[in-house]
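Please go over the structures that come below.
Below, chain A partners chain B and then partners chain C, in two separate complexes.
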Partner chain A sequence: MVGLSVGEKHFIQGGIAQDLRSDGRKRLTYRHIQVETGVIPQADGSARVKMGATDVIGSVKAELGKPNPLQPDKGKVSLYVDCSPTAAPMFEGRGGEELSTELSATLQRCLLGGKNGAGAGIDLSSLSIVEGKVCWDLYIDCLVVSSDGNLLDALGAAIKAALSNTGIPKVQVAAAVSSDGQPEVDVSDEEFLQFDTSGVPVIVTLTKVGRHYIVDATSEEESQMSSAVSVSINREGRICGLTKRGGAGLDPSIVLDMISVAKHVSEQLINKLDSEIAAAEACEEESGHG
Partner chain B sequence: MSGTAPATYSPSPTMQNKKRAPIFTDVDWVRPDGRGFRQCRGAFLRTGAANAASGSAYAEFGNTKVIVSVFGPRESKKAMMYSDIGRLNCNVSYTTFSTPIRGQGSDNKEFSSMLHKALEGAIILDSFPKTTVDVFALVLESGGSDLPVVVSCASLALADAGIMMYDVVASVSVSCLGKNLVIDPITEEESYQDGSMMITCMPSRNEVTQLTVTGEWSTPKIHEAMELCLDACSKLGDIMRSCLKEAASASQE
Partner chain C sequence: MEYVSPEGLRLDGRRPMEMRQLRAEIGAVAKADGSAVFEMGNTKVIAAVYGPREVQNRSQQMNDQALVRCEYSMANFSTGDRRRKPKGDRRSTEISLVIRQSMEACILTHLMPRSQIDIFVQVLQADGGTRSACINAATLALADAGIPMRDLVTSCSAGYLNTTPLLDLNYVEDSAGGPDVTVGILSKLDNVTLLQMDAKLPMDTFENVMQLAIEGCKAVANYIREVLQENTKQLEYRRGV
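And then the complex of A and B:
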C-alpha cells in the first residue's frame, strides 16, 4: 500500500482538480508508452510494455488441442496474469492471488467477449484446424514485473502487442484419418501465419478522484480514487467490455459520461499503440537480420 | 406499493413445465419460459431463512434459488491488521447439485469478489470498526442470472441482520441476443447470449455500485440496457423493501 501524508494527499487531489498532476501531465494524458516485441524467444509471440514505472510482459503460446464439444468450430484461448513478488512485497505467497484473478477475469471479459465468443477481440474460428477434432489452444500469460498503477491498461496493451507479434505455424492436415479417428496434422516450423489483431480492443481505465476522472493513474493517484471504470474499446469505437472497480457508487449519468470520455481517449491510444508496435516490430526485424 | 402493480415483477413463483430451447433468430422467437423480453421472472423473497445466522434471506427467481446468511459483526481474526472501519467478507458457493452437470457451478470463482464489490459501497463500514461481517451465499439451484440474485438476496440478508446500509442493493442483468435485449435471462438464454450487462445499484440513491459488460456493444445500446436495468432495479428495490417491512410487522405482532 502507498503511505501518503495528509499534505501529499491534498497535493495530488488538488493537482487533479486543476488539471495539472504531480508528474506534470494533464488529466487525460498517458505516460510515455514503450513497447518491445519478441522479448521471449520460447513463446510464439511476446511483448513488454512499459508505462512509466509500470512494466508488464505478455506472452502467447499456441498448442494443439481438442476443441470444446459445445463449440466444435472454434479454438480456445486461456488468459492468466501472474503478479510476481518481485514487483511488490505484498504479492508474496498468496498475496498476489486476489489481484491476479481479478485482473485475469477482467481481461478475459474485455478481450474474449461474451460466452459464445461474440464481440471477442480474437477470432476464435481462425484457431480451428479440423472441426471438432483439432484446434489451436492459445495460452496468453502475463507477468507484472513492476507495478506503478494502471496495470489493466498496460496488460491490455501488452496482450495486443504480443498477439500482433504472434506467428501461428502453418498446419498440414493429412487426408487419411488414422485408426483412432484423430486426423494427423503436420506442424510446419518454417511457415507462420500472422495473427489478425485489428479487432483486439484497447482498455482505457478512468479513475475518479474527487469530481474528475484521470487516465493512466499512478499507484499514488490510485490510492486516492473513489472508483474506477475500465472500458475496452475496439477500433470501430464499439464497447467490448466494461468493469467497475472501487466501492463508491456512481450516478448512472456519470458512468455514461465516463464511457464517452473513454471512447474519445481510446482513439488516440489505439493510434499511439499501433505506431509503437509497428516501430517495435521494425526494430526487432532489424536486429534479427543484423 | 402502489395499486397498479409493476409489469416487471410479480411475487408469484410459478414456473411452467420445461420446454426445449428454441433457436434464437433475430426476427421472432418466444422466450423459453414464455415471458416478454422486458419482463422479469417472478421474485419470491423471504428473510430469516437460517436460524444460526444474525440475518439471512432466501430468494427464488424462477428456477434460480439462493440462500444467504450473514454473520457478525464479530471480532476480526487476530492476524488481521487494525482497521478503524469494518471489514466485509463475502463468499459465494454453489451446491454440487445446482447445475445440470454435477459440480459445474465452481466455474464461477470471481463471484465472491464481485459480490464484495457490489455490497461494500452500500454498507456503512464506519458503524462497526475492528470487526468483520461475513456474507455467505449458497446457490441451491442455478437457473440463470445467478449473481444478480445473489447480490439482491445478500443485501436483504444484511438488512435482516441489522447491518447499517445506505440503501438496499438491487441487481439485474440483461442479455443481448441478436438485436434484442432480454432482461433477467435464464441459463439457456445466457448460453446463447452475444453480450451481457449486469448492474447492481442502490435504487433510492440512484447510484451504481457495480457494473460489468461483456460482448460488443454500441453506445446507444448501452444506454438502452442501462435504462432497462435501472428501471427493473428500482422495482426490485420496492419489492425488497416491502419484504423487509412485512417481516418487521410480523415480528412485532
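And then the complex of A and C:
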C-alpha cells in the first residue's frame, strides 16, 4: 500500500491540476516503454515490457485442441494474469488473487470480444485448422514482476509484443480422415507462421484525479484516483473493449470525452509500441545469429 | 540411456565437472528493498527482499530476533508443458521452507528484533536446480537490501549417472532417476547449511559427489562476490567517491 502524507497528496493533486506531474511528465504523456522479446525460450512467443518501475512478462503457448462446438470455425484463446509476490508483499499467498482475477477479466474483455468471439481484438478464425475438428488453443500467461501503477496498459502491451513474437507451426492436414473421424495433422517443427498482430488493440487507461485525467499513472497517483476508464483501441481507431473502475460515479459526457482523448492517445501509443517491438525483434535476431 | 558419452561429454556438451553458465544481475525489481536475477544455464529466477520492516502479524513477532519469511512461486510458463498450478502446493511449501532455513542461518537476526524480512522468489524458467538458483538469488537480493549477514550462502547440486559424478544437473539429468545431492554452504565459514539427497548411493561415492557439489558452491560464491564487488564499484562511481 502506498503511504502518503497530506502534503504529498496535495503535491500530486496540485501537479496534475497544473499539467506538471511529480516525475516531470504532462497529463497525457507515457513513461518510456522498453520492450524485450523472446525472453522465455520454452514459450512459442514472449515479451517483457517495462514502463518506469512497472515490469511485466507475457508469454504465448500454442497447443492443438478441439474447437468449441458453437464456434467450429474459430480457435480458442485463454488469458491468465499472475501477480508475483516479488512485485509487492501484499501479493503473498492468496493476496494477489483478487487483483489477478480483475486484471485477467478486464484483459479478456478488452482483447477477446464477447462470449461468441465477435469483435475480438485477436483474430480467432486464423487459429482454425480443420473446421469443427482441430484448432489451435493459445494460452497467454502474464506475470507481474514489479508494479508501479498502470498494470493494465503494460499487460496489454506485453501481450501485443508477445503475440508478434509468436511463431505458430505450419500444419499439414492429411487428406484421408482416420476411422474415428479425427483428421491426421502433421505439425512442422521448422516452418512457422508469423501471427498477424496488426489488429490487436492497445489499452489506454485514463485515471481521473480531481477534475483532470491522466495516462500511465504511477502507484502514488493511482492511490489518489476517483475512477479510471480503460479503453482498448485498435489501429483503425475502433473501440474493442471498455472498463470503468473505481468507486466514484462519472458524468456520461465525461466518459465520452475520456474515450475521445483515449483514442487520440492510442494513436501515439500504437506507433511507439510498434517501433519498440520492431527494435526488440531486430535486437533479438542479431543476438540469435551472432 | 547414456548421459555421459564415451568422450566424456554430457547431453548439453558439458564436461562432468563443468557448471552451466552463471549470470546474475542486481536490482531487478525497482520497488523492492533488494532484488536480484540469477541464471544457471536455462534456469532463471528472480528474488525480491522486503524489510527489515514492522511485523505484519503481531502474534508472530519475536522480541529477540527478526522474523524471516519466504515464499517460492513458479510462473505458469516456466516449465516445458504449460500447467496451471494452485498456489501453495506441497512442493513450493517445502522449497520455501528450505530457502527460509538456509537464509536464516546466515542473517544476523538478533540485530533486528521485532522486525520482519520477506524473501520472495519467483521462477521464470525451470531447467533443473531451481532450489539452488533460488538460494543464490536470495543471497544476492539480501546483500542488495543491505541486510547484515554472517556470510554468503550459496548452493549447487551434483548427481551420479553412468558411474560418473556430475556437477549442476539440468532437468533431463535430474529426471534420469539417479541421486540428486543439493548442498548449501556458508562459503567462508565452510559450514554446510543445506544437504538433501534422493535415491541411494554408496557411502564412498556419496563423499565424492558431495565434495563436488561443495566445489560448485564455492565457484558460485566466487562469482557472487565478483558481482557484488562490481555493483559496489558502480555505486561508488555514481556517488562520485
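We adopt the following convention: the second predicted complex is superposed on the first by the 290 of 290 C-alpha atoms of A that agree within 3 Å, B and C clash if a C-alpha of one lies under 4 Å from a C-alpha of the other, contacts with A are read in each partner's own complex, and residues count from 1 in each chain.
Just so it is clear, contacts are C-beta pairs under 8 Å (C-beta built on N, C-alpha and C of every residue); 3 or more make two chains touch, one makes a residue touch a chain.
Computed from a predicted model, the values in this text were never measured in an experiment.
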Clash or fit, chain B versus chain C on superposed chain A:
fit
Does chain B (first) or chain C (second) touch A:238, or do both, or does neither?
first
For A:250, select first, second, both or neither according to whether it touches chain B, chain C, the two together, or no partner.
first
Partner chain(s) touched by A:94 [first = chain B, second = chain C, both, neither]
second
What is the contact status of A:139 with respect to chain B (first) and chain C (second): first, second, both, or neither?
second
Angle at the Cα centre of chain A spanned by the Cα centres of chain C and chain B: state it in steps of 10 degrees.
120
Answer with first, second, both or neither: which of chain B and chain C does A:7 touch in the superposed model?
neither
First (chain B), second (chain C), both or neither: which does A:84 touch?
second
Please provide the least distance in Å between a C-alpha atom of chain B and a C-alpha atom of chain C in the combined superposition.
10
Can you list the residues on chain C that touch chain A in the complex?
28-32, 35, 42, 46-48, 50, 56, 71, 73, 75-80, 82, 84, 87-88, 118, 120-122, 124-125
Touching residues (chain side chain B, partner chain A) in the complex:
109-110, 113, 117, 120-122, 176, 190-196, 201-202, 205-219, 222-223, 226, 230
Can you list the residues on chain A that touch chain B in the complex?
98, 101-102, 105, 109, 113-116, 118-119, 227, 229, 234, 238-252, 255-256, 259-260, 263
Mind pulling up the chain A residues that touch chain C in the complex?
39-43, 46, 52-53, 55, 57, 59, 61, 63, 80, 82, 84-89, 92-94, 97, 139, 141, 143, 145-148
